[in-house]
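Chain naming follows the written order as A, B, C and D, and within any one chain the residues start at number 1.
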Amino acid sequence: MTMTAERDAVAAAKPTSITMAAALNRALADALSQDETVLVFGEDVGTLGGVFRVTDGLAATFGQSRVFDTPLAESAIVGTAIGMAMNGLRPAVEMQFDAFAYPAFEQITSHLAKLHNRTRGRVSLPIVIRIPYGGGIGGVEHHCDSSEAYYTHTPGLRVVTPGTPSDAYALLRQAIECPDPVIFLEPKRRYWSKETAVLDHRSSTVDRAVVRRSGTDVTLIAYGGTVATAMEAAEAARQDGRSVEVIDLRSLSPFDDETVVASLRRTGRAVVVHEASQFGGYGAEVAARLSEQCFHYLEAPILRVAGFDIPYPPPKLEQHHLPSVDRILDAFDRLQWEDTSTLERRST
Amino acid sequence: MTFLAPVGNDAGAGGGGESDRFLPSEIPMALLDPAGRVLPSSELAMPPADVLLELYRQMVLGRRFDSQATALTKQGRLAVYPSARGQEACEIGAVLALRPQDWLFPTYRDSMAIVARGVDPVEALTLLRGDWHCGYDPYVHNVAPQCTPLATNTVHAVGLAHAARIKGEDTVALVMLGDGGTSEGDTHEALNFAAVWKAPVVFLIQNNGYAISVPLSKQTAAPSLAHKGIGYGVRSVKIDGNDPAAVYATVDAAIRSAAAGDGPVLIEAITYRIEAHTNADDASRYRDPAEVQAWLARDPVSRLRAHLTERGLLDDDAVAAIESAAEDRAGELRRRMNVDSELDPADLFRYVYAAQTPALARQARELAEEIDRAEEQR
Amino acid sequence: MTMTAERDAVAAAKPTSITMAAALNRALADALSQDETVLVFGEDVGTLGGVFRVTDGLAATFGQSRVFDTPLAESAIVGTAIGMAMNGLRPAVEMQFDAFAYPAFEQITSHLAKLHNRTRGRVSLPIVIRIPYGGGIGGVEHHCDSSEAYYTHTPGLRVVTPGTPSDAYALLRQAIECPDPVIFLEPKRRYWSKETAVLDHRSSTVDRAVVRRSGTDVTLIAYGGTVATAMEAAEAARQDGRSVEVIDLRSLSPFDDETVVASLRRTGRAVVVHEASQFGGYGAEVAARLSEQCFHYLEAPILRVAGFDIPYPPPKLEQHHLPSVDRILDAFDRLQWEDTSTLERRST
Amino acid sequence: MTFLAPVGNDAGAGGGGESDRFLPSEIPMALLDPAGRVLPSSELAMPPADVLLELYRQMVLGRRFDSQATALTKQGRLAVYPSARGQEACEIGAVLALRPQDWLFPTYRDSMAIVARGVDPVEALTLLRGDWHCGYDPYVHNVAPQCTPLATNTVHAVGLAHAARIKGEDTVALVMLGDGGTSEGDTHEALNFAAVWKAPVVFLIQNNGYAISVPLSKQTAAPSLAHKGIGYGVRSVKIDGNDPAAVYATVDAAIRSAAAGDGPVLIEAITYRIEAHTNADDASRYRDPAEVQAWLARDPVSRLRAHLTERGLLDDDAVAAIESAAEDRAGELRRRMNVDSELDPADLFRYVYAAQTPALARQARELAEEIDRAEEQR
């Protein structure tokens, strides 16, 4: 293991161009090789390497007892992971698509989230549930849900989602090391997006948001699949003369108030953007808590650019549903810029 | 040792005595061998000649439909297509055994069955084309929408069938599922509810040996999937799923018995998917081409053709006529699928609730305005 | 059925003192007698009459084919209800406790909520899922969850919860008549609270909020189990000289913006109160959408009085978790009354 | 008709030939009849005398514990208590057969089993007392927290057992569930995973005839619950669950065989709950008192006492000594339960995550301040 670690250190030092899927694969491989209690299992994750190939090659490298296919039953995948974790292992399991995690909902909410608390901390469940989530890949019904709001409302779970390949690596490594259960949401339409980066999981912490781009006029809050869209929108807004600060939340629960509040108190305006339906979506929490903490700093209401309040559309209509650069720019326009002078700034 | 019997609690009821009637035969039941020869001493009744001919015709049409659909994925005309090639005996045999009033609960793989049931092929492909989640009206041919979340349709079928009984209607529900789907909790709950309610449901497991890449040996350690039935008190049958005559005869008998009030039936049909899981899958990652070859030798279509030809019920002309009809339909389908579908984004907001809510009306307006603005800018 | 209807009309005209459980029982009985497609089933709802006795006597009156016990499996209860509704029946099923609805989560989110939309309106699912929810009855773990946020974030579902016995009757009758699937949340700690009222389900509509008490200083938004608490708090606040308007939402989804926004624009201050954990809770949506719609009318941020972000506590500690009158009064105190004069009122 | 055999797809594997080894006996296996007489020709091995004596002692202690707990509900000292009276043979027989390294996965009804395993009775009752969700450290006696959501503990047991195998440890997991719990999807998924993985798990169904008010006949139409095993390839046994010798012998054999790598075992123990579902339930609404009477005649405790007395292994003095020990423990429990428990509200925020988040720290502070303010106002 020392040799592997050394080789890793060398490899990590050199920036490489890597997709998010490959970065996740690397994270799993490195975790498997550095900690023999780590296991990877789920539907088609072994021989096939997963339908998105995130587990490609792992069964061959680490053997069928550490990386394996299960029978087709999500509740049992999560439930047996719980039993394994009670017995000292660290399972990182895969749900094949977002909506196919719903059969495991009872195991997730009633046990995974609560067992540590139930036993006054005696039982730890260092489990990662990887879920490819969101749309944008032309998938048919049930293959494109964004269900972060269900998990973030469940105390005891951590919910994390990467926006870039290097974060995908770092956050997954940290999620696997984390003593708490982590719902790890992988924005499937970013699986093939590339970044040239050094893979390293010690330089950032999973529960802090990151300012991806600095700006002074408006804070644009994104996560997972919408981070890239937000960056594009920020760039487009610059051409309209607006300076946009983009925050990538990374950890949806717990929420990093410090970073976001600091930004919003500087800019006075915020837009939060996600794919999930707006009503009761994660953006509601973001808007509600920021409105409360930054009330006197706000020049305009916090706007949400989110999916409509409809079931996820069929492939040919999904472009209308997904938050687009245009829709974000429209939201910027609605941030009451013209009113600024006529209103007292409420900050004391 | 009868001391448990007289006690009032029905906990001790049942007992193994009648167990056997729930268990499947050791060897899959069949009527025709792979060469189309009639097998002796089967428990199944050979379907009449006209049914066999119709089975053959529909299987040829179905296979051609299936290959056309696969071709359409290559041209980007379908978002995805899960082929049922090799499973025609199940797809067609089951559907032809249904009576008009019966219901079919298909999965994503059963487009062929849906078309055989009478659904317009373009409507059947609406889901996989990416136009809408279901393209047909379920009530026209009594076909539920194709179900994607595995095994979740099993409980729907039980509910529908039980409702029919409550209403005094003579309706049986046939639900299709795969070997992988048998591992989901819903399958178990459905079999149990059906048995307790004596609901007229036929569960048809198409055991094609794989759930995507996962082989049956990683899915179950049971002697067979049909052996699950006894755990619910559901009569179970294991059949050769590549023998169209056997599939028809078994489903037909199951439907009659379910309709007669004898409760649900579980059928495991042993078959094989010749193509990859879908066009997006790479089957070479998990199975040996030799295995596919071996199964090609057990092809359901040529098996029935051999049988019918041997019996003088089919000649080369008739075969050619059926093939040409299949070709015509495929051409027609190709033509229709090559026309870009007209989709109305406002549909996104129309069917969420029976009456549109004010919030959805507002969102629909916002989207319409956005689209207008975008078009103006062009 | 005419005779029954007449008898009902007579009975309904006379105000009677009734508990919420009895009102719900009446609603089911009246629906069963007036529409022969209505069915009631679930665990222990037949012979036993339900663990809360809400279905007491119904099996005896309407027979085992319309009111019956099922095997113990919530996914199948909801799933078979879907099949029955496809075949023209109107099932009103019971989940025994809130957390025990989770096994049905996939059926609820992937089918119940979506089938109407999936079939372009051809299939209707007029199904009611009754769920006793919330705490306050000294129930052990899993018996006290408040999961409205999961359902309200799921497009295609209606989510309703009554705050009073007469509403329990009216809303349940309307839910059963509704062509859409309805998640009907019964605040179990109010089952035994009484009201003297005329039971009638035509005079109010299920998707409108109701102003339970008029006031001018602050809008207090509650639903289900917290309505009574809110009314108490409003009364207590009156003694502090504060005039509180109490709104009972009744329909959580869809949300009645009109009623609530009108109130808030008058009062300029709002508190929303619920038992569920605050983070990502339903109150976040209320606060976010009202902040947006009433931005220029707000004198203070919208505050949420909600459960902590913890698993539901054991019985002996639940009083610390539940929103209390005191906690609501404290929230009133934090509504920045002293700042009013120094701030420009932002309404135009 | 062997044509299916040679094909590579393992879909045709298994076959009914070996079916029988998975099926339970027709009549529940037993060692002792209700009068305590040894039954002839059983497949089970009679436990040695010292084990029988310990079974008896623990059943008496367990029953007294159970009645004490019921009494504590009346005094408001427990929030709720689900009694296992009448099920002592299962509760005790199963636990005594466990080896120290094995794990027990109990339900809400199995407090008696937990105490027999060595858990302090007050800690065992912490959940039902309303103090916390679980009062004991699961790792001290290898006892998982009592599980309330039905059947959800079955998959945990499979995971823990499989993990032990992966780690090369000799650990078996015994999971308890009720007849009602067998209808939940998780039970099915657990049996299937256990069988495919050959996980060392013993599933013990205490079939007490009711799920709250719902009788077995509305729960299943199967010949027996043990018949479910074959559908997963799990060996299954049906036993007289009121015969402590049979329960012990069966669980003991099952644990040995699971530990030896022979895969999981499913045991259906036919028993009866004498009390209502919990103290809050009214059993008269759904069952006939005569039924209870009939089952009282099959009492597990008196059955074993009769047997031991007959064999001269137990005399009146020994019986009295055990009863007096049970009385002492009950008194001790009563005394300890009558002391108000000291609870720290800050605990609500301590164990949600391994390290307290800033938000939870803030909420904890807010609550502490609120409590301080309230106390000042008094």
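Just so it is clear, contacts are C-beta pairs under 8 Å (C-beta built on N, C-alpha and C of every residue); 3 or more make two chains touch, one makes a residue touch a chain.
A quick note: this is a predicted structure, and the numbers were derived from the prediction, not measured.
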| item | value |
| --- | --- |
| Of all other chains, the one whose Cα centre sits farthest from chain A | D |
| Chain pair among B-C, C-D or A-D whose interface repeats that of A-B, sharing over half of the contact pairs by residue number | C-D |
| Interchain centroid distance [CA atoms averaged], chain A/chain C, Å | 32 |
| Distance between chain centroids, defined by C-alpha means - chain C, chain D (Å) | 37 |
| Mean-CA-position distance for chain D and chain B (Å) | 41 |
| Residues of chain A touching at least two other chains | 70-71, 73, 75-76, 99, 102-103, 106, 110, 114, 117-118, 141-142, 155-156, 255, 279, 309-311 |
| Of all residues in chain B, the ones touching two or more other chains | 132-133, 149, 183-186, 189, 192, 196, 218-220, 347, 352, 359 |
| Complex contact set, residues of chain A against chain D | 39, 65-66, 70-71, 73, 75-76, 78-89, 103, 106-107, 110-111, 114-124, 155-156, 158, 178-180, 207, 254-255, 257 |
| Interface residues, chain D side, partner chain B - complex | 1-4, 6-19, 22-28, 30, 33-34, 39, 179, 183-189, 192, 195-196, 198, 207-209, 215-224, 227-234, 240, 263, 270-272, 288, 290-291, 294-295, 298 |
| Touch list for chain B against partner chain C, complex | 132-134, 137-139, 144-145, 149, 152, 154-164, 166-167, 171, 173, 185-186, 189-190, 192-193, 196, 347, 350-354, 357-359 |
| Chain A - residues contacting chain C, complex | 75, 99, 102-103, 105-106, 109-110, 113-114, 117-118, 141-142, 149-150, 152-153, 155-156, 253, 255, 276-277, 279-285, 287-289, 291-292, 295, 298, 300-304, 309-311, 343-344, 346 |
| Of all residues in chain D, those that touch chain C in their complex | 79-80, 127-133, 148-150, 180-181, 183-186, 211-214, 218-220, 281, 285-286, 341, 343, 345, 347-349, 352, 359-360, 363, 367, 370-371, 374 |
